[in-house]
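Here's a structure for you.
Naming follows writing order (A, B, C, D, E and F), and every chain is counted from residue 1.
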Amino acid sequence: MIVSARTRPPHPVLIEPIVRSALEEDLGRAGDITSDLTIPADTIACAKLVARSAGTISGLIAAERVFALVDPKLAYRPAKHDGETVAAGAIIAVIDGHARSVLTAERVALNFVGHLSGIATATHAFVEAVAGTRARIVCTRKTTPGLRILEKYAVRCGGGFNHRFGLDDAVLIKDNHLAACGGIKPAIERARAGLGHMAKIELEVDTLTQLEEALSLGVDTILLDNMGIDDLKRAGELARGRATLEASGSVTLATVRAIAETGVDYISSGAITHSAPSLDVALDF
Amino acid sequence: MIVSARTRPPHPVLIEPIVRSALEEDLGRAGDITSDLTIPADTIACAKLVARSAGTISGLIAAERVFALVDPKLAYRPAKHDGETVAAGAIIAVIDGHARSVLTAERVALNFVGHLSGIATATHAFVEAVAGTRARIVCTRKTTPGLRILEKYAVRCGGGFNHRFGLDDAVLIKDNHLAACGGIKPAIERARAGLGHMAKIELEVDTLTQLEEALSLGVDTILLDNMGIDDLKRAGELARGRATLEASGSVTLATVRAIAETGVDYISSGAITHSAPSLDVALDF
Amino acid sequence: MIVSARTRPPHPVLIEPIVRSALEEDLGRAGDITSDLTIPADTIACAKLVARSAGTISGLIAAERVFALVDPKLAYRPAKHDGETVAAGAIIAVIDGHARSVLTAERVALNFVGHLSGIATATHAFVEAVAGTRARIVCTRKTTPGLRILEKYAVRCGGGFNHRFGLDDAVLIKDNHLAACGGIKPAIERARAGLGHMAKIELEVDTLTQLEEALSLGVDTILLDNMGIDDLKRAGELARGRATLEASGSVTLATVRAIAETGVDYISSGAITHSAPSLDVALDF
Amino acid sequence: MIVSARTRPPHPVLIEPIVRSALEEDLGRAGDITSDLTIPADTIACAKLVARSAGTISGLIAAERVFALVDPKLAYRPAKHDGETVAAGAIIAVIDGHARSVLTAERVALNFVGHLSGIATATHAFVEAVAGTRARIVCTRKTTPGLRILEKYAVRCGGGFNHRFGLDDAVLIKDNHLAACGGIKPAIERARAGLGHMAKIELEVDTLTQLEEALSLGVDTILLDNMGIDDLKRAGELARGRATLEASGSVTLATVRAIAETGVDYISSGAITHSAPSLDVALDF
Amino acid sequence: MIVSARTRPPHPVLIEPIVRSALEEDLGRAGDITSDLTIPADTIACAKLVARSAGTISGLIAAERVFALVDPKLAYRPAKHDGETVAAGAIIAVIDGHARSVLTAERVALNFVGHLSGIATATHAFVEAVAGTRARIVCTRKTTPGLRILEKYAVRCGGGFNHRFGLDDAVLIKDNHLAACGGIKPAIERARAGLGHMAKIELEVDTLTQLEEALSLGVDTILLDNMGIDDLKRAGELARGRATLEASGSVTLATVRAIAETGVDYISSGAITHSAPSLDVALDF
Amino acid sequence: MIVSARTRPPHPVLIEPIVRSALEEDLGRAGDITSDLTIPADTIACAKLVARSAGTISGLIAAERVFALVDPKLAYRPAKHDGETVAAGAIIAVIDGHARSVLTAERVALNFVGHLSGIATATHAFVEAVAGTRARIVCTRKTTPGLRILEKYAVRCGGGFNHRFGLDDAVLIKDNHLAACGGIKPAIERARAGLGHMAKIELEVDTLTQLEEALSLGVDTILLDNMGIDDLKRAGELARGRATLEASGSVTLATVRAIAETGVDYISSGAITHSAPSLDVALDF
């Protein structure tokens, strides 16, 4: 397996229960009655995993595990790897073995690869759009329940970076928190009083006035939510060298370049995980 | 809870582990450090679950369980129910209770509602498009791993019907099966020889010749894959009264009406589950 | 492994957690203290799995997994396979390896084989009794909690067929449903309005009058509950070519032939799963 | 709940996962499609749990939990309790609430009660047969995988006593152990060398010669396997006051009284757990 | 429940499975046979949870859940809360209800409170020892497998702060990493190239030379491992205002004050979690 | 693996889920970000597991499984085995393979070995202290939640013996039971009335008067709680040949020899499991 530090797959120990649970969901109680009843037990097949559309691949790490769990004797030979961008028609992998096993595994494997490649492809488009700027594309916690570690991985496959993995690995103070606790200053002070030294604090601001208060308090990362291009530029001037800036809100392929050119460090998008259409992948005999 | 036979939510015993697992995924080990550290324990909040875009709602049944698991003392008061179509800005529910609890539950609840309402909304658009024809919209097994029962429910919320829930609850013989077992006749015969009497058999055909063979064998349901409008019409004439017909392949909002008007009984779409963009829902204090 | 389409074992992914859980149940916390304390670690044994009574074998697929989980180095060599009918005294399999491991696995392996072979043997007796008629023997949902997929498999090993695997894979409208919903007609109409196209509907009737109503509504499968032989014959005449007929209620080895000769398509029995005595199998050194 | 020390139900924390798993097994993915589609959501039912045959009841503790998990609003009112012997036709419990919920729970609840009452009834027959002798009826580890704690409970409900719950809570040295470790003396010595002081040692013997060796070594409990009545009597004379005696092997209702009258302390039977026919219980509206 | 931001208990959703698993471990298969057999079912008891030694309390949040899971009818009335320091003999809580239930829950509840209060007490001693300095006491990943979130909580109860919760929520580059990747510079550069913006980087150094390289690279937090007091002072002078400093290695109650007075920001100790003796707590009737 | 009957490791089927769960706890969602980001994927390491202090080793059986689960290609070569006593500096095992994998596994493996070797070492000290007397050292149920089978194993590795594994494998009647059930006689009678023949009964007494009552009732094992040396001697004289005696309460290394010399059969200590400091083990490259 070719593994760059950038794509960095989730540890197999974490992937295994997700894949197993997906298989159980599809097998139900009676298993693959179609293949078992119609195909002789000893029929051998050679199947190709093919991309029907161009895109960036992700999820092979799960698909490979699907085939292995369904039948350890299936041979999975990769032609492409997670993180690679392929043309329509590209062969991604070849799977040889009992036809029943290949067909039993087919849909679950494709569901992983289609869904995660869709996210990688959407991310890649944003990353390409901001190429040459300092901005990095990051995802959010707006992920599909149960699949967060794989979707965060798909974002990395597409060239993006990961924001928080959950509620517990960084502090992100939003407008609702400020409303409930009485303002920026008490929020920051309380967070610092209780946190250990290895967790970072990010603060969401809507206005330049809030930004200035945040900077004066020495907040490390500031999330500029739904600001216009002019405000983002002004924010960049105010914060340069004093804090990391992240822009969010209504980020689309049409607007992301302009946002990046304001000089922000990070641009976050929920759409790359929650609204990316599936990539069309298929299994051909 | 208002429950029509049409929407029919999954049984709570089945939803509970999915919701619990989604919460564990977001809480990680240290929990909601932002809310716990910045907001006093006794602060009370009143939050509104709001649709930012128009759409058909689904997933409240999971969201309500998220709030209850995070804090049994939270009061969840519904204003809309799964299966209702709402305008942008509509209040869906009101949640009262400890601010920390509301914020801890927020993202997981929204992820369920956004994702499932996206599917219901996409389904509803297809259902509306074929209104007045005999065609019913059905989903496929192209679902997100781990969420099948909820996604199938979201399709029902949008007015669609469900195809197989898994590999085991019906026989669907596709081209790969035919290739591996030597043709339509042996496939049908073998399936009938091994199946009990409560499972149906569907056969995928690509040509009218195959259709005729299937009809002569008395197959109940025939999947017409990627056929043109003219072939679909001809298929309808051939099969009328002899078999149920399902059309699939490259079904879009632009083409679905014409397909429905050929007289097929069912039109299946993978896109309504695997590529529906999330509906924009938010929690406002 | 010899696998006919008829016996069709449950997928290993589904068997594994059942076997593992059975082992944990027997090992408790301290494990096999008898074998570990009394037998030297390097003692080798050659054990024979033997049928003490004649019968039809089922459950080897689970037993083999028990031995493998207890000790991957145990060699399991099959002499008989699930679905085979054996004489008293027949050697079913030979297991070689560490004596401690063989003895640790013994009881759990035998519990699976004894219980499931008991079901296969009971089923086989019914199947033999109706040989030459059109009737197929089918099981019900009256199974032992937690073992349904294995017990349904045991029925197949005995030559029977499977009815529903659960509440969700077919509609079976019984007298209690009719009482609660106001009659046959509304029940059938409501089921048809909400069901997808791949699920079948079966209706239980107690009288020929109900049967006629069911036939007039085009119900596919009709369950004739506790009818006498004469009524079953009359039902067959009424329904021939219009619906599949299943007979149930007080089916015994003494009565099943006469029922089959009335011409019904299926005869269902709860007793083959819930009251079959265990087959006597043992492990001899 | 009336709980005698004799029946002593398993702790609810241990029953809960077994019941939950049985429900998931029956609900599958789509749930109770028959009840949900045919019966209006607000229909109320009053159902009676009835014994169709006479017998000793067990498993209500699980059935009650089934109803509560399916719908916490169902009212379960017991008329009989686990451990009571009832006549055919006796009402065991009344359940009120939504008809859909009652029907969804019905089969799983009945499967527990039928299976466990079958074991309690079989046990009770043995217990009655030895009434007036010193012999106690005990079960073995020949139980259905996954249900041991409930089946051991059913034995107590029938008036029997429990032998080991697993491989780990007592030492039971059998012929295979002796074969593998070189005889009675080394086996007993090794067990004593490694065991803590709260675990008992039992030794299986086939002959009076072995019995004498066991007695000379001070073994506390001796299992007399497959001995004739005369040998059992002689064994009783030899062992009186020196060891506890248990008889096993080919114990039937026809032979158990004679065995008990030889004066043995315990008689163990695998058949009461692995081959007891289900008791016929039903749910009537 | 009194909850300060400092002590901040783990979310109940995360505690529940740990407590349930601990109960299952103690109940085994047959449950609390001593209490069930010797005590009448209706005997009521009033038990006091008492500290036999002085210390800082932690783990009541788990103990309360133990009592509730064993018997929801038990009344748990707290007299002390997690995070409070108590004298020997102090009553911590009073539990009323069925005697059987109290005794069934006793040992598991005490095991949680004894173990976690031991950690809180050890932490508290270190925190007291450095009072008045800038140094905060932090724990490590040297925790008992399966109990990390509770042990981290116990450290907070004792007044300490938490370091990383796992391998994934911060980067901590140690000597072995440097050995494997070729030095400080490539390690820091690679980490920055792949990390998102919300994860911090800490570097372990053994010498002042390494410290200077780290400072020149702008590393935020530097772990000074096993340095003498003079080197720690010198490190403080070099790093003041440029990086956060953490001292570790051979920290004992005898040495911690001197280390703190060198001006480091954090002092980490594995011993407060892995070697703290249990606090003596008991349940008195 | 060298396995003596004395150390007798828990069965792998029971260890696997504990190890897996410990790994998941440390990997969190994002895995070992430090190693994955800083170390090239193909870097090979050779690591030594070393004892920094002298002690008795336990837990290698879990550590070996940690390395195998993290990376099946890691080579684990043991130099010492569980149950061996080693000097400070001793090499325990050598692990070769990918540096990333070794470092990912390091902490979890060390946490098992450090914790369990701490218990084995503490036990061994007690065992050595009573060498030459008849007394055996036994542990209690005062173990760390979730780790009982491993901690009981560690006690065996240290030369100790195991008392009950849980509430269910022996009866131990304590003062609270006597208070709740009305005295020694009814407690013993009730226990005997309900128990099967393979479970032992132990009674805790505080005075010689209670001891005499227990002896007159034929109780097999008597726990002498917190008695002075003179009373223990007198108890030994009274009970010799009539019952097994266990001493408990305030047992320390300073007092254990004197207690053993009173002639008791068993001495139980909670401290060897709940308060043993971790043994210092490390992984050196």
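The working rule: contacts are C-beta pairs under 8 Å (C-beta built on N, C-alpha and C of every residue); 3 or more make two chains touch, one makes a residue touch a chain.
Treat the numbers as computed from the prediction; the structure is a model and nothing was measured.
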| item | value |
| --- | --- |
| Chain whose mean Cα position lies farthest from subunit A | D |
| Farthest chain relative to subunit E (centres taken as mean CA coordinates) | C |
| Mean-CA-position distance for subunit B and subunit A (Å) | 22 |
| Cα-centroid distance, subunit A relative to subunit D, in whole angstrom | 52 |
| Whole-Å separation of chain centres (CA-atom averages), subunit C against subunit F | 44 |
| Touching two or more other chains - residue numbers and ranges from subunit D | 5, 8, 25, 27-33, 36-37, 104, 148, 162, 165-166, 168-169, 172, 190, 193-195, 199 |
| Touch-based graph of the chains, sorted into line, ring, star, complete or other | complete |
| Residues on subunit B engaged by subunit D in the complex (per definition of touch) | 3-5, 8, 10-11, 13-14, 148-149, 152, 162, 165-166, 169 |
| Interface residues, subunit F side, partner subunit A - complex | 20, 23-24, 27-33, 36-37, 41, 69-70, 104 |
| Complex contacts: residues of subunit E adjacent to subunit F | 18-19, 21-22, 25-40, 43, 45, 47, 99, 103-104, 106-108, 110-112, 114-115, 118, 141-148, 165-169, 171-177, 179-181, 186-187, 190-191, 193-195, 199, 270-271, 274-275, 277-278, 283, 285 |
| Residues of subunit F touching subunit B in the complex | 25, 28-29 |
| Of subunit D, residues touching subunit F in the complex | 5-6, 8, 136, 138, 161-165, 168-170, 172, 190, 193-200, 202, 221, 244, 246, 265-266 |
